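Below: a set of structures, written as structure tokens.
In the two complexes below, chain A is the common chain; its partner is chain B in one and chain C in the other.
Entry: the complex of A and B
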């Protein structure tokens, strides 16, 4: 019975892995980049490399810009600067879409259009929606991929016969297949709590999207009320009479007195020009794991407190998992740990795909089948190709002229074009004799491309912005210096990988042959 | 109490703990050409590794509070364990020396952190 279960789980693990690995790699890779999305913004948007402001005033800095940019908007959102993000973001809904601009708080100057989506506008949304907005399809795809990940984790634990004995096993000197399996095991077992929690919390964050059918059933046409109730929001209908906004800075001071400590994350003003205006002030959750913002809502006209947020027990759990996933807190050591664990997760997924290919390569070649070559090409594009496309986007960010119309969208299209190229390349190599059986060629060439692009991105940043590594380190612009350093480390790893792939011939090892016979 | 010293002590204790657990594995010892352990020796290694990991957890909680401490410890033990296992085939001496140094330094750092 046990062996039957293990066999079934093995089957499930293998095929769920092949079907979902590329999407899983995308989610984990983009999530890993999103750990430092604000820092990537600094790198991709040089105008935002401004000093940390000492004091922030809504009335003096944000209000004049919002009155000028969005006088008729029904909602203004102002993201306050934080240690990771020195600029203020002012945003508004113009009836069709949500627009944002950035303000240098030190001078009060509205910064020019960034011309780039940056980490927060491209990599982060890619992580949770694949940039597919239509009918929430991206979110639902993410749900399917997350459930597949949970299935892979559980089935992976069940099929692992000697989980504790293999806990410490890594044999790089053995055959490629054995070494790949060891890396897959070590990366999955040692970080099992991370893999499990990060996947589960990812599902919990979007509970309101996944519960939409149930919510519609309960709330009918008033489905929007559920988030108001869950988050304790106060939304008043406009009085349709002109009103003057009281001092928001005074409301901020009042909210801070109620919190006892902590700064502001975001200020949201609804119906800003109306007598029924409301001002929501959120606390920045810098000192706790849970994503609790302790929102205080004020009457916009009088400045009186209307409501203090008090979330339910269920929402407290949701907020805790959201915080655990999204790292809103100030903890650099933990942030770097998340980044490293995200990379290890990518290694786990990549090695899983490689194992599938390596296990079938010999047998399929003898049988004259080629499905392993197609999976290998898709795996190369999904893993190494994603890296190459990301680095191409960073290089394009420095090469495209500032002020070019549609620059941000062009950057994004360059990513997708290179990615498509990264799929065509291994497919072309697959049918190119005499090397069509060598599965490593595409990986090696894309690894070299990645190494070159990473170095080029650092060099271009130095040439175009003048912020070379020595200067950024000297000035303490750590977001830019850190991104440059990570790019250089990535280049080194990509070059080492490419060299290793060149060094070892893809011969059929005796071990692989014996394993194949045993499997047969 | 010095939170930085506690955090550093926690990381060092986790490194030493993972090394102790790694070196109790008979298959790992066989691969590295180390002599076989008796059952008693193996249990002592497991006890030492577990104790060091428990100290690491306690130090992480003392440094960062319960929520942050547990999250930090889980991440730290996993990442440091993976780094140790991947380093081991390339330099057994390096791993052994660093683990011994970590085991010796961790209590000193924790004591210093408690003092100041």
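Entry: the complex of A and C
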């Protein structure tokens, strides 16, 4: 391979890494949490810790609530309970925004406002939109970050002279920097297929957003038709005459008979009070990788089948990649593997940033430059600070009084406020003599803060909800028990990291310098 | 230590060629490929758009790599924008052949 290309790719890898690592860390960290977003919901919304329902009825449970909550809405959406989510979610568009409430199917009772966005309302949207809704800026930021990830992966492979050897190289007993490089290399090489597929599939999910200009060129003025054609949707205009909805439970039974097996994921009713109402029933894709819902559309007034979705081979490929990314299937081992691989990705990104800082620390100090300190502060806030902000949000979830107006938004703002604090903290440490050259102080202090907050979150959950670990394990409330256990493991890891960072800060050894030269 | 191969002006130019030019290339690739697949009758319009759209992400990423791998920024621009023009012409021709229907 030409050394010129390798140097170009090294340059690209280094600087794209520095510029995008924090955003990439955010995407991967929030994506990792989203693997268990429903379980985090159970932890953050104690009212939803209800038993799995035996049977679900739209007509008896969802319909009365929707008629009361949203009589004039043009669309009702009802998310059926699943093994990961025992409550029913009823949702409607009130003309301005989409609203949801949760229902305990066992009692038919509408649960009080959750007062929390939970995993599905905060961590998951953060993963794909950064909570920036204006003009789809969040989605486009994600596209740029994802393309950056793809080029980081390819350029990372090109600059590796010894990719096979790096696969087996880990020297934790050596200098911190050598160990950091080894962790970065091993985590990158070992999970290269995962990194590549998860990034590409993330882009493919939003193909209809990112490729909108191309779609407009292909479809001309009919660009809106593409999703109708691709997904085989049936959309009827309202007749503007009052109509009565036939039994949706009967339609569900009919859809299940057509599918042969499987439960309902979601029921969507368009123009529910109109004679031209339609009811779309989606199958829960629990037994397949592809996010394929086999939607059956019924005439709302008569209950007759209007359309049975049968997506094309091309769309099946798109749905397969979507499923590969979003894990709709029931498979706990694979779900945990995704979680573990997501964490390894976070480690890969974090260690990459640390390498950049460590490589420049001594040289820049000699030259009187401080850019490495700023990058270190941003890296600390972006990696450890994100963890601290997340844990602060979980603690706030237990401390804020129930029924507090704007409680869910307040939780969210606590996350952002702590995150901002996590940026100010390392910046302040950076300019605080005499340890301003020790880049590890801020990381260490934030790691301790993370460890304490994680333990505090578990303790607060036990005190406030009464669902301590022994009880949840005994009762089989595994969503809550699992979240508590992961928090305790995170606390242990944070404490170990903090202790390791407490070791004497060292100047770069000659051995590490020669190793860096070799790596470059 | 990575050698500072590019000046910041060159790096910025290449980044713009890769990111913006790459996106233009991806869109024109999508149009050219989807148009050709539709015109040849191999796929329906929606299927062709989905298949070409998925592949276009790889084209976009490749454009960034080409932008930084090329010997000069001018050559990078020529590669990326030249390919974009080629695909755009292909797409324009095939769409003109079958229309937007």
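One rule holds for everything that comes next: the second predicted complex is superposed on the first by the 501 of 520 C-alpha atoms of A that agree within 3 Å, B and C clash if a C-alpha of one lies under 4 Å from a C-alpha of the other, contacts with A are read in each partner's own complex, and residues count from 1 in each chain.
To be clear about the criterion, a contact is a pair of C-beta atoms (placed from the backbone, for glycine too) under 8 Å apart; a residue touches a chain by one contact, two chains touch by 3 or more.
This one's a predicted model, so the numbers in the text were calculated from it and none came from an experiment.
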item	value
Touched partner set for A:489, first chain B, second chain C, both or neither	neither
Partner chain(s) touched by A:214 [first = chain B, second = chain C, both, neither]	second
Touching partner for A:337 - first (chain B), second (chain C), both, neither	first
Chain B versus chain C as contact partner of A:424, first or second or both or neither	neither
Touched partner set for A:7, first chain B, second chain C, both or neither	second
Of chain C and chain B, partner touching more chain A residues	C
Doubly contacted residues of chain A, that is, touched by chain B and again by chain C	none
Complex interface listing, chain A residues touching chain C	4-5, 7-15, 144, 146-147, 150-151, 154-155, 200, 203-204, 207-208, 210-211, 213-215, 217-222, 226, 229-230, 312-315, 317-318, 321, 359, 516-517, 520
Contacting residues of chain C [partner chain A, same complex]	1-6, 11, 18-19, 22, 26-28, 30-31, 34-35, 38, 43-54, 56-58, 60-61, 64-65, 68-69, 71, 91, 95, 100
Interfacial residue positions of chain B with respect to chain A in the complex	7, 21-22, 25, 27-28, 31, 64, 67-68, 71-72, 74-76, 78-79, 81-82, 85-86, 88-90
Residue ranges of chain A touching chain B (in the complex, touch as defined)	165, 167-173, 183, 186-187, 190-191, 193-194, 288-290, 324, 329, 331, 333-334, 337-338, 340-341, 344
